[in-house]
Amino acid sequence: MFDRELAEKAGANLEQVRRSRPLVHNITNFVVMNCTANALLAIGASPVMAHAKDEVEEMVALAGALVLNIGTLSLEWIDSMIRAGKRANEMEIPIILDPVGSGATSMRTASAKRLIRELSIRVIRGNGSEVLSLAESGAGTKGVDSVHGVDEAKEAAGELARELGTTLAITGAVDLVTDGRRQLRVHNGHELMQSVTGTGCTATAIIGAFLAVDKDPVRATATALAYFGLAGEKAAEKADGPGSYQVALLDALYKITPGQLTEGARIQKEPD
Amino acid sequence: MFDRELAEKAGANLEQVRRSRPLVHNITNFVVMNCTANALLAIGASPVMAHAKDEVEEMVALAGALVLNIGTLSLEWIDSMIRAGKRANEMEIPIILDPVGSGATSMRTASAKRLIRELSIRVIRGNGSEVLSLAESGAGTKGVDSVHGVDEAKEAAGELARELGTTLAITGAVDLVTDGRRQLRVHNGHELMQSVTGTGCTATAIIGAFLAVDKDPVRATATALAYFGLAGEKAAEKADGPGSYQVALLDALYKITPGQLTEGARIQKEPD
Amino acid sequence: MFDRELAEKAGANLEQVRRSRPLVHNITNFVVMNCTANALLAIGASPVMAHAKDEVEEMVALAGALVLNIGTLSLEWIDSMIRAGKRANEMEIPIILDPVGSGATSMRTASAKRLIRELSIRVIRGNGSEVLSLAESGAGTKGVDSVHGVDEAKEAAGELARELGTTLAITGAVDLVTDGRRQLRVHNGHELMQSVTGTGCTATAIIGAFLAVDKDPVRATATALAYFGLAGEKAAEKADGPGSYQVALLDALYKITPGQLTEGARIQKEPD
């Protein structure tokens, strides 16, 4: 059921992140800045948070990936994201977008769509409602109304990925990764991850680090999600609630070896 | 000494929060955003942080309660708080205010008073100095100078609650909750809570969640404080310092059952 | 090898911080606000975070030290830092600067230099690249290119400290503290400190608290770094990765007694 080659690539990507320590430039929300930075350090990457319009272009030029997250956005921050993103595009630095809360307010949906329109974004990660709210056409709309999980989102996601020309990751009990042609499912993870704020944002940042070392966005995304999900499984063994779970999650990200990831990754190729 | 009916209501409110998972909209300070979100998740509520003036009205319309906290305020944020608060008032969504540092600088005191003047606020929670700094009349002034604890603040608080037409919660070793007619005291808590930043802000957010399910502000506030205080007691059993205490506090909030809260709540009706 | 008098002063400074509970005013970055506040509470100081231009002058007037940190700066925040700093200078309240990322972007380097030019700063703490990027002359430039550790930075640091008329702390495996005349080395610390975000910023804030009780900046800085480093050593005994390390670090800061610090501090006077 699970693909051995992708599991091996997961381990290899982790090893490569630890060896090359890519700088990951985050323009992200206030809630998760600290835990995102700690997660990136724990996996072996090098995080930087910088949002001032006067420095983002210079900062992103040093980075291996750019993470854009609209969780506590304001319009000034979106301007900085556009500016950093354009420079990233010029330099072919991969961009990943986390459209937190897109669909909940019109400002968030419009901001996410503006980023997608003005930038070339390699991966978008969110939950079903967030991702499917990004459709300009009706592709996602029907999906949004009916989405309860990955299965319901599957068709709409494929159509939307083709429309946007990007890779989409819809995370949930099982994660779906698709570029509209290939679909992968990641079965790693634990339900306690939902009880800690910012785990979705952390997943996005880890995908950013993997994009810095793997040019195939579908594969980079699925292997990153398998890694984060495996850490979530290991953390659950030590947790006594969401406080200790959050602590154990960072420890697990730090301790998982490439070999353990290859053994533990549960990535499934979708039958056509 | 402790009121059984209120203890049972504490358990019932907790059960109701976990069942209905109210969305709690926070416009709060940078220091506590992460721990506030985690605490709200741990109790079973659904947190959102959003401060942009362009979206707060739309966001608060989805919420069961609005939490305003001036801990790292700037004037733009106050404008967003006013905007969100007016919409909340129109929709009868309860507002709770945490006037962090009111009394310390004139900008903070003036901002807190402006929020109180322009909005209808259901509950204000702070320490003695913060709460009593809010008096336009001399009601609180004398209090501020002499406050060392809840006892000294008692009379001034009752007078101020009547003046402001709201419920006040002054938290300390024993918490005082009053609307100027009724007074309740909450005896739960632990001294280690003071060694972790943002525990006051967390208390405020939990009161917000309880206001979403209990229309009586005095009762909602006292039951929420009993719950948080009981978690503080349980956390102390596992802590080896403020770092592990913070972790154990989240775990305890998550694990306390409605039945345990009913058994452990120590809420006292003030003799007239 | 290690200086006994300085070790005793470390213990005495810690005792004095816990007795006088100095208010430490931080204008710092979003990533570390929470952990900085918690560290200051854990050591016995009283933290406040406030950045609005309308209140920083009033707030700093209440403080025993002012901590400026440019980690997620924007130009408005620099203006607030200047404003707070000028008031601090008038009142002879010590200022410590953490030039996070100086050298990485021209905005950061220029902002750090502006703060140094317009304010009288008692201590600057950073890593080798950050500190040496501050040279207006060529003093640091050569250093930046070649810095791998404290040893390489030593000569450039002394020259730069004289040029800037301040005390510099370059932290790493061994910390170097110099005002251009005296040099101290602090041998406390643990490599896991690098795996947690904001440990440098926390070191800066703790130095701030020590500056509030010790008028000798070289000594205050070295004793604060010995304390933080000792906590880092003790935390390592309990950690299973960076998550649990961060927790144990706060616990250790809280639990270390002045006597333990005197026994554990490893501060070395530099031979001339």
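Each chain carries a letter (A, B and C) given by its place in the written order, and its residues are counted from 1.
Methods note: contacts are C-beta pairs under 8 Å (C-beta built on N, C-alpha and C of every residue); 3 or more make two chains touch, one makes a residue touch a chain.
Nothing here was measured: the structure is a model prediction, and the numbers come from that model.
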- Item | C-alpha-based rotation, subunit A on subunit C, 0 to 180 degrees, nearest 5 | 120
- Query: If you list every residue number at the subunit B and subunit C contact, are more than half found on both copies (same) or fewer than half (different)?
  - Reply: different
- Express in whole angstrom the distance between the two chain centres, defined as the mean CA positions of subunit B and subunit C. 34
- Query: For subunit B, which residues are shared contacts with two or more other chains?
  - Reply: 30, 34, 246-247
- Item | Interface residues, subunit C side, partner subunit B - complex | 30, 33-34, 37-38, 41-42, 47-52, 54-55, 58-59, 62, 246-255
- Touching subunit A in the complex, subunit C uses residues 29-32, 34-35, 71-75, 101, 104-108, 194-198, 240-244, 246-247
